[in-house]
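For clarity, chains are labelled A, B, C and D in written order, and residue numbers in each chain start from 1.
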Amino acid sequence: MKRIKKVLVANRGEIAVRIIRTCKDLGIQTVAVFSETDRKSLHVRMADEAVSLNGVKSSETYLVIDKIIAAAKLTGADAIHPGYGFLSENALFAEAVEAAGIIFIGPSADSIRKMGDKTTARKLLKGSKVPLAPGTEDSIEDLTEAKRLAAEIGYPVLIKASAGGGGKGMRIVHDPADFEKSMHASQNEARNAFGDSRVYIEKYLENPRHIEFQILADQHGNTVHLFERECSIQRRHQKVIEEAPSSVLTPEMRQKMGEAAIEVAKIGTYYGAGTVEFLVDKHRNFYFLEMNTRLQVEHPVTELITGLDLVREQIRIAEGETLGFEQKDLKINGHAVECRVYAEDPMNNFLPDTGMVHLHRVPTGPGVRVDSGIVDGMEVSVHFDPMISKLVTWDRDRNGAIARMCRALEEYTLSGVQTTLPFCQFVMKHPVFQSGNFDTHFIQNYFKPEHIEIDDPETIQNLAIGGLNAIHWFIREEKSEPSLSGNGAEKQGSLNLWKVRRK
Amino acid sequence: MKRIKKVLVANRGEIAVRIIRTCKDLGIQTVAVFSETDRKSLHVRMADEAVSLNGVKSSETYLVIDKIIAAAKLTGADAIHPGYGFLSENALFAEAVEAAGIIFIGPSADSIRKMGDKTTARKLLKGSKVPLAPGTEDSIEDLTEAKRLAAEIGYPVLIKASAGGGGKGMRIVHDPADFEKSMHASQNEARNAFGDSRVYIEKYLENPRHIEFQILADQHGNTVHLFERECSIQRRHQKVIEEAPSSVLTPEMRQKMGEAAIEVAKIGTYYGAGTVEFLVDKHRNFYFLEMNTRLQVEHPVTELITGLDLVREQIRIAEGETLGFEQKDLKINGHAVECRVYAEDPMNNFLPDTGMVHLHRVPTGPGVRVDSGIVDGMEVSVHFDPMISKLVTWDRDRNGAIARMCRALEEYTLSGVQTTLPFCQFVMKHPVFQSGNFDTHFIQNYFKPEHIEIDDPETIQNLAIGGLNAIHWFIREEKSEPSLSGNGAEKQGSLNLWKVRRK
Amino acid sequence: MKYLVKIKDQEYNLHVTGFLETAENGNRQTIDLVPLDANRFSALIGTKSYVFEIYQQNGEKFLVYKNHTFPLVVEDERDRLVSHMKQVNRETQTFADIKAPMPGLVSKILVTEGGVVQKGQTILVLEAMKMENDVKAPIAGEVSRILVTEKQNVEKNSILMRIG
Amino acid sequence: MKYLVKIKDQEYNLHVTGFLETAENGNRQTIDLVPLDANRFSALIGTKSYVFEIYQQNGEKFLVYKNHTFPLVVEDERDRLVSHMKQVNRETQTFADIKAPMPGLVSKILVTEGGVVQKGQTILVLEAMKMENDVKAPIAGEVSRILVTEKQNVEKNSILMRIG
């Protein structure tokens, strides 16, 4: 068994920071890589070493296999952690890393090929006890053939990227007349996001819940699941709020789905951390959706209910260690909720926002964890995903975790860009969410921008009074100190109304 | 049973913030009170309402019962939480609160009288199965008599304040020749800290460990303990590092000490949260030390290993609810460590430091919690305790919790005052601390300021290079922008070497 | 000084009667306002505690409270008089001098002398405080004079060009 | 420019050969240095990543790295020459003009004309950048002239008083 001594993290943002943290816990040296716009990022500051990838866009930097491997060689890293996104589910990358004599902290290239590609995975699972939703077996290029298959499966259908995840390239088609436009849109998005335009078609389940199982497997054939995550709150088919455990699963269903997830992993001869996603329909039937052959964004909720550190487990598995526990040793402890904080304007159809983050003050206190890669003075740019951070709360029960989330959301201060924070607050306080009885259409069914407005009359009036006096304060400061300029730069936290914000 | 709707927090700093957080979780409105120097403090910002106590020093503000009760009446608060320190163990305050028709979130005035006073408590416990260390029964004023008793008990002896806690007014006397000076010093300190100069004398145990048990009791006679906290790492008899569980307790000893703690609470007809402190000698005998009739600074380690929120439990008990669990329902889950971050210079005999905190960036990520009342731009003043925050980590085992603490300490950024952060790092990395085999003399036995220095030659050289270039940067900025003054104030994050720091 | 404050479809007639003292309909209230960092303030109004941020973007003011952004309009008597006058004169206004709203560097001039501009059209970009600020035409008309060149530093209130 | 940098009992002869390029004993190294907030910098030296703070207090420089504070002494050739000259002249130096190290307000004058001061004694407090800065006597001697009064604003380098 080879102990890993130095890990290069081939990623950016919160996940790079999160991986670095665990490496530090384990006494492992860390190497960050960065695009030019990320020079000031937290992952660069926190890593022991950092190497520029000489470029701005992800296609010039975080997606360039050769540059990453060169950085690992330069620094003598003996392992690479891919995080999520970017090259994390790229079998060629996993192969190139291994070929360079470096440990890839993730599954084998073979497993990525088998399970990372949805159509391949579906073929492999056919005939197993894992239930599959009706859909195409192969990815499809030909429009006429695709249309025929869609009709055969029966509308509504879902067009999905073979290579991808995270909702990118996904389209629901209710009406055959929209099929062609949707297929092209899906192919384009898939090409841009993954460099692979292949798509496939499957039955679109109505009122589904998106429930996924975290699995862990070592290289010696031991596989366990770490229970489920409920990920039904989505906008644009992307998760925004996740929790564990799910409020609909009975212990029996949990056991059945967990066994199915383990079966999927075993069929894929999988090792490392992975996620098996299922859709659960309103009759509580569940269907295999896809497997993500990497760490998920939402892994912290699983960490909070199991007490495990999934990155630590990934590293131990990559070193060749056996899992230190069996399925029967694992218990669900309490409840965890995660809100993804995006730089998006919930008042304006979740349009991504960009700009300088002037102030980023994260909540803390009992039961709160924040995974973030942003700090004061950093730009949220157009080049990368607009996710700013993940806010996660835990308590002994679901109501407690939600209450702590409400508190943490209120405490969270981010200035400079519009964020989904008020939207998350809306969800947490919504009776349907609180009831636990919701599906993936929650946002379209229940959310309107005006719902998140503050309209308590006393508050509004006091904000008017406070705002007026604050403006007066600026004017007074400016008048009383015409040569404020003289030592303006020296004033700690000095303020200027006229300086701030641009798009 | 009366539901509490609005809580006034009669405290400041991190504990006020921490109480407000739980109130928010419970949907309870909050009222902060503040001394003039605390106007910008986090507890004032976070509370729904805030009332000035019109004064600066604690004797003019947080210690003035009438002002606090007036603030509660003004805002219609139906309960008062005293936090720790200040009026939290003042029976007159508890009585005055109840007399004003307001719920005191804490034990009865009667219990405070009985158990809060060490000599009274010792008298009450005499004859019970709770073991007591040899010492005086009554507080003592007369020097000659005190000296005689000290000789009878046998040197070394400990002189302690009857009213106090937190090591204030405590003196160890090894030599009868030092007795008089020590007694006067102790009386003076006790008078200043608690307005009560009474002291008592007890046997000073050598190589003792300080281990305390958290107890919870409702108003219906149900009492449980929430296991122990190990608090042996102390400087100037004040705790700096705590953990739970203790690495020396066997399950049998834990059970015996837990039962003794419950016995103490029952003898004091105690309800609320409280702590029974014990000294454990090198033969693993344990002796009752004192009871703290309030929430402790170090309560978060207990919260992390039990999953309970102690402030929530306090509020529920104050409302008259029964505990929702019995002793057998409670299990220790993992291990937690707390470091208190003080504005003190560990290189200079832990001399308190004061000044403006320019930058306060707290660590987060897996297993980290920070309870803090400070934010950028706040002063650490001479008027109050120099504790800035509490950094707490959790993991499945002690080694993991310590590793996470090392990481979190490194990540913690505080600029403007000297802190105990590097000292805490020293303790975490010390083999004796890591072994679990240490006593209250750890600091005097193992710590020298030079031990916490960084002296890796490559690091030092690179800091020289980096520092020189940074100074060059300042000079360049100044030269190239002689009228930087013009819009200096507008520069986000603009820097100036010459502006910073004063004492 | 009397103000009209508009926030979230509400209008308040507020009278700033003194240092941090405001009255509405004769009810005086002392406000305890302290600046924090990054344009944030802590305000105690009565006993109620608020933390909010104020910023200005493209000449409009915004207030951010608990991560909600509220457009904020503050008009004093002069403003109201001016805005009233503007309405009266709008039809008859024949020219406008464009002044620099802040000191800065003219980074782009987007019109030429003799060119015709629409009201609201961006005519010049002023770089100041590390930002590009669009300067817009307050009226429609012909650009009669341009008094600055690109890359020129200008003082606050210096005339940049004349329209009409 | 050549410098002597002293940190933690180590001395380094560093040669700043260009923009963020430093040489020691002929070994050139490019430094990637970016300012962060509050006097902090991120430096990449080779591949190694450092975040540190630089500040100055009472004329001395400090570097803070991982919550450890290091006194930092940076001398260029001129400084060394001057410090050498100072040593030579120390015995013979008979007077000193005290100049304002920064613009500010004279908040306190702690000596009177004709009074005798010790070297290092605080003779005047200059309020600047919201701080009180002690101005100390560089030599011992009699205060021969005081050129400012309390509450007076002074420019940088203006002469405040003469000793000797």
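By our rule, a contact is a pair of C-beta atoms (placed from the backbone, for glycine too) under 8 Å apart; a residue touches a chain by one contact, two chains touch by 3 or more.
Only a predicted model underlies this, so the values are computations on that prediction, with no experimental measurement involved.
Chemist: Once the contact rule is applied, which chains count as partners of both subunit A and subunit B?
Modeler: Chains that touch both subunit A and subunit B, as defined above, are C, D.
Chemist: Work out the mean Cα position per chain and let me know which chain is farthest from subunit B.
Modeler: C
Chemist: Could you tell me which pair, B-D or B-C, is linked by more C-beta pairs in contact?
Modeler: B-D
Chemist: Quick one: subunit A and subunit D, Cα centre-to-centre, how many Å?
Modeler: 49
Chemist: What is the distance in Å between the mean C-alpha positions of subunit A and subunit C?
Modeler: A distance of 40 Å separates the two centres.
Chemist: Specify, in ascending order, the residues of subunit A that touch 2 or more different other chains.
Modeler: In subunit A, the residues touching two or more other chains are 46, 358, 376-377, 410, 486-487, 490-493, 496, 498-499.
Chemist: Which subunit C residues touch at least two other chains?
Modeler: 36-37, 48, 129
Chemist: Please output the residues of subunit C touching subunit B within their complex, sorted ascending.
Modeler: 32, 34, 36-37, 42, 44, 47-49, 51, 103, 128-130
Chemist: Residues of subunit D touching subunit B in their complex?
Modeler: Residues of subunit D touching subunit B: 3, 5, 7-8, 10, 12, 14, 16, 20, 22, 24, 29, 31, 33, 35-41, 43, 45, 48, 50, 52-57, 61, 63-70, 72, 74, 102, 129, 131-133.
Chemist: Quick one: which bits of subunit A touch subunit D in the complex? Just the residue numbers, please.
Modeler: Per the touch definition, subunit A meets subunit D at residues 31-32, 39-40, 44-52, 74-75, 376-377, 486-487, 490-492.
Chemist: List the residues on subunit B that touch subunit D in their complex, please.
Modeler: Contacts found on subunit B: 358-359, 409-410, 412-415, 418-419, 421-422, 425, 452-455, 457-474, 493, 495-503.
Chemist: Within the complex, which stretch of subunit A touches subunit B?
Modeler: Residue positions touching the partner: 17-18, 21-22, 24-27, 46, 300, 303, 307-309, 333-334, 356, 358, 361-362, 364-372, 375-377, 395-396, 400, 403-404, 406-407, 410-411, 484-494, 496, 498-499.
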